[in-house]
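For clarity, chains are labelled A, B, C and D in written order, and residue numbers in each chain start from 1.
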Amino acid sequence: PDTQSERDERHLAIQRVGVRRVKFPLLVQTERGVQPSVGEWTLDVALPAEQKGTHMSRFVAWLEEGAEQALDAATLRSRHLAMLEKLHASDGVTEVAFTLFERKRAPVSGIESRLDLQARWVVETRGGQTTVWQEVAVPVKSLCPCSKEISDYGAHNQRSIVTVRVEWLADKPLPFSAQMRFAEDSASSEIWPLLKRADEKWVTERAYENPKFVEDLVRDVALRLNADERVGRYHVDVENFESIHSHSAYAVIERN
Amino acid sequence: PDTQSERDERHLAIQRVGVRRVKFPLLVQTERGVQPSVGEWTLDVALPAEQKGTHMSRFVAWLEEGAEQALDAATLRSRHLAMLEKLHASDGVTEVAFTLFERKRAPVSGIESRLDLQARWVVETRGGQTTVWQEVAVPVKSLCPCSKEISDYGAHNQRSIVTVRVEWLADKPLPFSAQMRFAEDSASSEIWPLLKRADEKWVTERAYENPKFVEDLVRDVALRLNADERVGRYHVDVENFESIHSHSAYAVIERN
Amino acid sequence: PDTQSERDERHLAIQRVGVRRVKFPLLVQTERGVQPSVGEWTLDVALPAEQKGTHMSRFVAWLEEGAEQALDAATLRSRHLAMLEKLHASDGVTEVAFTLFERKRAPVSGIESRLDLQARWVVETRGGQTTVWQEVAVPVKSLCPCSKEISDYGAHNQRSIVTVRVEWLADKPLPFSAQMRFAEDSASSEIWPLLKRADEKWVTERAYENPKFVEDLVRDVALRLNADERVGRYHVDVENFESIHSHSAYAVIERN
Amino acid sequence: PDTQSERDERHLAIQRVGVRRVKFPLLVQTERGVQPSVGEWTLDVALPAEQKGTHMSRFVAWLEEGAEQALDAATLRSRHLAMLEKLHASDGVTEVAFTLFERKRAPVSGIESRLDLQARWVVETRGGQTTVWQEVAVPVKSLCPCSKEISDYGAHNQRSIVTVRVEWLADKPLPFSAQMRFAEDSASSEIWPLLKRADEKWVTERAYENPKFVEDLVRDVALRLNADERVGRYHVDVENFESIHSHSAYAVIERN
């Protein structure tokens, strides 16, 4: 019996129904080639009031069908529309979170290493409109201007995470590597997994010369986003894991 | 130097700036007395474009000032407004997440135990309007109707978490104990930390007699919320930790 | 100045010093080919009492050097020994945790899907002895014998995680796919990400016919491990995410 | 039918069987009064080879029985022995993790705030011996000596977590407030949730005057523990959330 297709008498539409915490191999298409990762997927559709249920297994079948395809934001958008069709749904969400690595060269020695970034795509269709959000969380260094100013020497500093979520525009696609730079260029200093002694001196002094409150950091990221025509709507979240407290300071700017 | 009060020249307002992941003792005022817990707080204010920074230490000072006061939604709303004043801010958010315990009697033996619930209050002021959201995440049992129907015996079932977030209305306050019931009454069965053998039989049979898809569960919670005049806007999220898969099924209904 | 190589006057050896929470791309060599994943690494060495510090950047450099090499337990063991040499250390630990996928066919329809498993290797050298531990956490289904016996119909069941850690023996290597089977064969039923209706009936009935307490499950895994000559020492942890409670039941058997 | 008491024919003893992730209100008896918190409990017993199962509900019943009693390490030890008796077990473990707050005065202004600490007790009985471990994880500040030495100005610093686990000795009980000091006194600087400007200057300069590698920090904690007669066996773990990397540096010293 196809219970899920029966009529429902409660007259209540469901905004989102689907699967969550689905892990599946992911091939990320970057501008420099394909990067394999592990995706954690959230997939849902809207369900009209008269329909009893959705077909949960189709979400996983859809993942299996696309297993070999490398994804960028454009391809994921197409696949998302195919998912809605497969589920006979007009509205729904495709979301995938994954770890991405960007190769970087240390500032003095030039030694290469791979910085890990938490990335995410969210594709959502509502009322005939489909939007794609592309997010990347970038670890950087922040150094406190107040601490520098009032102290005879030194200044407290710490790791910060700058999460930049932008609306991805099909005609002006923004690569993750560029999106990351909005955060790194705005920080007291960018960071690297692998640093030689001369690099460590560079990062230390660079941060000291370039103090930023959490308010400065979020504003400087926003200024850079405002100046870039590839960016539509955005949401920026900066979190400083304060080294003089056991809690975080944070700030958010969004443009709608 | 009061750097934070200087003028900022970037002409960018900040929607949210404050502190996050602040742990602080919490006294929860329930209808049956004061229940101590540990709160994890998020506190922020909006910062006008021309202002350089906020005063982060005032958030923690505000927590210390209120340390002895037991809070319910009404009291927290007042304290939130005092926080905005202390920060000289017109807009902002006070959020606290905590573990709450509700005493329950097992269905047959009557033996008492305390069910742990994850609760949350979010008080937000924007443009002169202050809203209070009260959330509780309730563990329940769900049993699959399809599995029951197609199988000669048995039916797969699992733990589910029903997260009910409602807009709290000052003139018709909803206690957590009542808010929890919307979830428990809608599930295949409610659950208890402590069950005797006769209770376990009751829960097993009750769930088997009462199968629910994730769609049924979220709709039945919504029906109950719609019928209760103490409830304004709401958001219900049901997640089934499927026992036949390694991922979750989930559904969301919200009323705006 | 090479501060780390200076003499330390505190006369205190350090058992473990190194890096933690390092994410790096991982190529897993399985018996059916190379599977890309993302590794989270913990790397440390023992530091003699007279030595002031270790060279932290060498751990990351070691990861970069091996970036192109697919790893199985044997290869990781060799690379671990190279790491100790690079750090001029006699003792130390190489640990990497990652998500692995195993292709499975549904029991009736034969439809294929990929089950996600949390895997881990730990290679440790102490006093001239090097041991390799290989771990895999397998999601399965457990059904309660007591609930079945006392109830007129139905039985509570839930997702369980069976974590099987075995000492890997160079001359009798155990593939992850075989290690996973110890857990799956011992459960009330194994599970799949993708099931057709006929498969769901099969899993439901199979679990009902095959009830297991957490004690049964851990013992049945241990029995199977005892009977397999590829297995040396082991540690088995079974956790049932009880569907009638908000807490877990668990059991552990280890053989030293 | 009391299935759990039947004979088991698999001839396999179970080292640990019980419940995990049980949340329950906790009253912590400190030297300055009773502090309420929320405990997350792990409770298990050893099961002889011939016994089929344990009585899971007794663990939760045991928690309910002790709900009103404030606990310190000595009282928990007694209660643990009562738990073993209730379960008819010779061996087993009682473990509880909780958040504790310690009042501190800022170094210059003297303003008071409460630092949150993650604490834990583990009571274990094996072969007639009962040991009690008392653990506290303390957030502090560490500043890198190398960065200070090579840089013309500034030095990178970050939040660190020092986890000190000591064997609690009945005749020389160590309060959490003293145990915390081993970590704070060894760090580049201790930290506070609430700091005035003069305090922030103090912390910044104090850390700059007092640089420590992760190796220094763990050794200095160990030196202090070695010099205190209230401390038996111990395990110290220091983790630096490096502000120039996206990973942590860490070090461990233990005394058996």
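FYI, a residue touches a chain if its C-beta (ideal position, glycine included) is under 8 Å from a C-beta of that chain, and two chains touch if they have at least 3 such contacts.
By chain, UniProt protein names: A, B, C, D = GTP cyclohydrolase FolE2.
Since the structure is predicted, the reported quantities are computational estimates derived from the model, not experimental observations.
Farthest chain from subunit C (centres taken as the mean of C-alpha atoms): B. Annotation, subunit A versus subunit D: rotation angle of 180 degrees from the Cα superposition, expressed as a multiple of 5. Between subunit A and subunit D the centroid-to-centroid distance comes to 34 Å (mean Cα coordinates, whole Å). Computed from the mean C-alpha positions, the centre of subunit B lies at a distance of 29 Å from the centre of subunit D.
For the pair subunit C and subunit D, the distance between C-alpha centroids works out to 26 Å. In subunit A, the positions touching at least two other chains are 22-23, 60, 116, 146, 150, 193, 195, 246-247. Chain contacts here are complete: no pair of chains fails to touch. Those residues of subunit A that touch subunit B in the shared complex are 1, 3-4, 8, 10, 12-23, 44, 47, 52-54, 56, 60, 145-146, 149-150, 213-215, 218-220, 222-223, 239, 246-254.
Residues of subunit A touching subunit C in their complex: 22-25, 35-38, 57, 60-61, 64, 67, 99, 101, 112-114, 116, 193-196.
For subunit A in complex with subunit D, the touching residues are 115-116, 139, 141, 143, 146-147, 150-159, 189, 191-193, 195, 197, 200-201, 203-205, 207-208, 241-247.
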